[in-house]
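Structure, as structure tokens:
Each chain carries a letter (A, B, C, D and E) given by its place in the written order, and its residues are counted from 1.
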């Protein structure tokens, strides 16, 4: 348990330290704030129109330049952000502002959209649920959308874009016929679709806890509920601003956002709102669950108290009576009585019965 | 109880998994997300104007086409969404966008309205209260409103539209004289009217619980209160967005929404706001009830503690005194006294009386 | 107590069941939703201008028609809504829309204003505090404001309009010189003035409870606090929307609202806002009071626990010691000691003193 | 304590009973709603421009009239509102609306501003902290701002305007060179400055309580915290609306508010916002404090329970063992053993040690 | 601990007493409200353009005047505010309004921006975390931004501007090529960057507490959580209004804010929003933590109760039985039985076993 908690808190920490660069360093300084890993930076390029689709890994950055000039749509898919030099070169080719590149490398951005005239800069967060460790990870995805190109920057290996790549390669649906903005929509849609997968898993865990919470009030359960509640805080933080991002894209009058994409953005907005509502509902349910938990603890303390009071109230008077007849007075004629013992036993039974009736009347038993 | 809880949580789960389609599948892919049942998909057609009203089941989809061309109002009432092929055909006849059809089949939409130029797409949620199982079910109803037609898509068998159908057949009121938008209004009105029936039942259950909550603090009661609170979360989620839907319809300048319907929409809006207020009030009352419950548990624990402390404080000193005179010391002259026993008994009575007075002064008894 | 609670909950129920008419009945169907009483429907008519004031009961509805044509101001005061036929006739004379009449009869409307071109339709709620039963009742008052007439519809007998009637009859103040809109303002002002009377009584009850809450924590007190809190929920619900009603009247550009009335509406708005603030403050104070109550219960449980722990901690060791010397061992030389008994008694006193000092140090006594 | 509580509640009551006038009395009826006192109504007049400053008590109201015509600035400072006749006369001289005079006399207004064309009507609330009784009092101050005059109406004797009067008399700063609007600003600024004095005292009391709350959890402390919390509710209510009052003055385009005063109003607005933030922060701190208090009570109950459980768990088994050897069986060979007593004593010691170790392991000691 | 608490409360106090000047003193009176220290007031001047950078301490205020006339950018960095005379002189040179200077000296301002035509006046708050004492300090920084100059006023020695000074001296980045507005941006950026350093430390402390809160429920821990919660209240208050400050700068159409700085302000705004979100998240996490703490106390009280009830329920009946056989009745044949003792011992064991089974069934052990 404690390891998980440590993780959840670790998330808090990361979330707050926006950038590790020296405080006061000049804006636009390129420093990667994510975790160093061995995977390195891989770049993949898709160039397509209705008729063809090139799909190749990029060895040298200069290879990209020739695609930029072509009228076909080019998707440059950058995976891993450690090679800041390479990212700077790509930025140079497409004329990206230094602050944009800084944001690309600073992987703790909140979702946002920036209209930079020639291109849009969009940040979204991808959620992944690790089935093995029950851990939730967040990954920043940056999109740079130009007239006929889209650049995506991801931090960690692995993503949810594979179905889009397949659709590209196999000319499924309308993706090959439309522009770079539709491609960006399709990728955002894949990210949002995945939110539901993650939320589904979290809601399932909430359901499992709920079955337990009415049955037993264990300390472990409390820890689990709180872990889930905390995760929901961060999930909400990752998903919530996306709503405004898509609204801003929708309202944008830039020629980069074509009119035929508008209806898809509206659909995407619906999905994001639905995800947000799902998050809020799950949070409300978890809050309820915590209330039930606490009320159950109170109830049980009350029940334990009743048992305690019951035993004390019955046996204390009884023991007192036996104590009386255990005194060693010399002149204690009652002790000599023939039916003294039987009389006392009857008295004791009467006391016990009276106490029991008193408590039954009070509905304690 | 636990079965009900399981249901309530089941609702959470369903609510969150927006679509079961493969993540990243192309937008507009038609996949039905509801529960498979044996009822199949039934289509019924009403075609009416002031003079006539045809009411027939549709066997072949092509039969619909001939009605579409006529100037009279046509209502196509689709019940059951499993036959995605059929729904696609209907969509084709009326020129519906693929994303609209996807939303029709995805039965976990939140209420919304979309103006698609030629037609409006409206989603609302129907509430049903199963008297037998005390269960609350939600059903999505989609409306497609064109110039002279209205298509409704429902997921589960059974609805609240029967009185509207009767009014149509018997030429009650103004429904036969007005357009498709009035028909949609009438159906939405029937849905909203039914909200009050459901809310009435839920408020009744709240009233029953309230009578109990001041009388006894049982664990079962807590579970019932929380179940009701959770249900209210989902009811609210189903009803709340309808407000904005109707506002949007009211403000729409589309010729599809005729001016003479405006006053009815305003009336409908009033009802929805009233339903929302009713929901909020019931939620506030339930929250209060939970507070009373918890306060009662505290009060009772306090009362139990008092009884316990009372018995302990009285009998512990008494038993201690008998213990003294039960010691087997050889040189214990008091035991030899003639009135030793009587003296001890008097002492004990005095101690008990003093304790009782002490507690009466503290208002414990 | 339980009867009151039942009443409070009854309010919840009523509030939620908007209309009892068959679900799906045609809009505009006239069904009275209030309680049937024997008082019947009485109509009173005032017709006045600066020079005269006719004040007569209306026997036949047709009598009204002749007043309608006159340029003087006519106030038709309808008390009791059971005679739906009569109300329909009045509606017919003044050309009121069916939906307006439906709202008049449906006595669970929330306060609202509707501009219907020829006339305004305004709903407000009158509050009454029954001194005898400490019960709060709500009554719907509907206003129909035309160019030279005002119709008011009240559900229950008795109202707060008597001073206005007196002013009308005796030509007090400016009421006879001004239009129907000023008359409506004067009646609304009487309703709002009465809110302060009711709030005053409720605040007084809150004050009485507050004096008790710090003195004793009785279960009855808790019930009273919660009853008051619940009543405030409903009072708030009745008063709150009036703010927007008056704002809407104030902003209206209809010729029905004359310019010289504007300053009075601003004054009325001030009063409503003040009433709302009073409600909110009382609610906050009640919430505080509930917190004090709960904290007091905790404090007392803590105090009871201390007494319990005190007695247990002192007498358990003592009784144990007497138990030791009450054992019947044959070889128990200490029992033979001459000062054995005295020694034990001293030991017991030392133990008791030590325990008392320990608890004094812990500030338990 | 209880007296203070009574006062706090008294405040609630007063706050709610807006006007004691007969319900339904004609609007504009002049009835003084404050407390009758013997001080009577005193009027003081300042008439000044850059060159001179007349400062005289007004004996007859007619004396005012001559000042009204002069171009110099006139400040009429009315202290005490019992003489409604006199106030009516002043109102007559300056042509004030009956509703304005009604508001002047109704001393439970919330802060507000009204633009009446020829003059502004502003209401603010003055706070005073009585050091002796630790009581907080509220006093309504009304301002009527005309082109070259300012009338202030105060209810109770004593105010915070003395420094402004001194500045006026001694031609300090720019006050003599500027208009009536600047004078009003200066008085409002004095009121707002005094808020900080009061808030300072309240925050100091909060600080004193906070030092105690971590040290001891006394019932008295709880009462003090709640008293302070309740006072903050009323302070907030008095200060909060002033923000909007000043905003409205700032935005007003009336020639009565000169342009050169605008910068001072902006400064005043800053101060009010700061006071509001201070109030909110103190409220949050008090809420925190109450949480700490409650948590401490829980902690202590827990600690008391541990002591109780400790003693019970150790001495109950021990006493039971001595009970066994105190039974009077005839055939009880163990009692004959030579080292029986010693053996039992060792056993008892072992049991006690085992219990202590058990509790140490559970960290109860 | 108590010292820290005293500090936290001290903060509250300071925050509320806006100005110590005599209440009612003329606006614009210059009174320094901070703490007197021995450091005095130091002024440093930077004058730079792309080609050069003068960096010198200012001995006499008159030296500044010559720089003001030059077209190069001048930064006057005032550290320490005790020398109000000197600050007045600087204000005189640059034509600053008296109210602005009053605000500069009143170091308890909330962050704000004022457009005074010729210059902007901006207030921000610098946060510092003292590693040694774990104390948080706040320092007000005022900016006066003119066409070619920037004046900064700081209260306490030490700041976070050193990296900016280095960049100025060494012509790093674009800072020497751009205007005074960019310099102000760079300094604000340094302040906001430092927020993340502080938030990082606070989140780390929250993480340490969280590791402890699930392990033990100590009173100290509660105090620590509450101290952190209280600090977050003040951090939030310092950071939150900065958002609106930057928004106002961004939207300003003043020529003082050049267009090329806009993109940097947008970036700064992003950072501030992120800091605010970080603060809110940490607050939510702390609230959660407090809930866990309280739930744990409840759980432990429940656990202690169970142990108590367990011991009482087992040993009370047992002791009662031994009491029976310890009575001294003469006619008590059972005592004579040969296997009486053994029988009783077996009975006792059976009772104990039954009780244990009963509690195991109730899951108490």
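Quick note on the criterion: a residue touches a chain if its C-beta (ideal position, glycine included) is under 8 Å from a C-beta of that chain, and two chains touch if they have at least 3 such contacts.
Please read all numbers here as calculations on a predicted model, not as lab measurements.
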- request: Work out which chains are contact partners of both chain A and chain B.
  value: none
Message: Just the number, please: Cα centre separation of chain A and chain D in whole Å.
response: 42
Message: Centroid of chain C to centroid of chain D, CA atoms only: how many Å?
response: 26
Overlap residues in chain C, where contacts from two or more other chains coincide: 298, 301, 305, 308, 312, 316, 319, 323, 326-328, 332
- prompt: Considering only which chains touch which, how would you classify the arrangement: line, ring, star, complete or other?
  reply: ring
- prompt: Going round the ring from chain B toward chain C, what is the chain order?
  reply: B, C, D, E, A
Query: Which residues of chain A touch chain E in the complex?
result: 1-2, 5-6, 9-10, 12-13, 15-19, 22-28, 97, 99, 103, 108-110, 112, 114, 216-217, 219, 222-223, 226, 229-230, 233-234, 237, 290, 293-294, 297-298, 300-301, 304-305, 307-308, 311-312, 315-316, 318-319, 322-323, 325-328, 332, 335-341, 344-345
Query: Given the complex with chain C, which residues does chain B contribute to the contact?
result: 160-164, 167, 172-175, 186, 189-190, 193-194, 196-197, 199-200, 203-204, 206-207, 210-211, 214-215, 263-264, 266-267, 270-271, 273-275, 277-278, 281-282, 284-285, 288, 291-292, 295-296, 298-299, 301-302, 305-306, 308-309, 312-313, 316-317, 319-320, 323-324, 326-332, 363-364
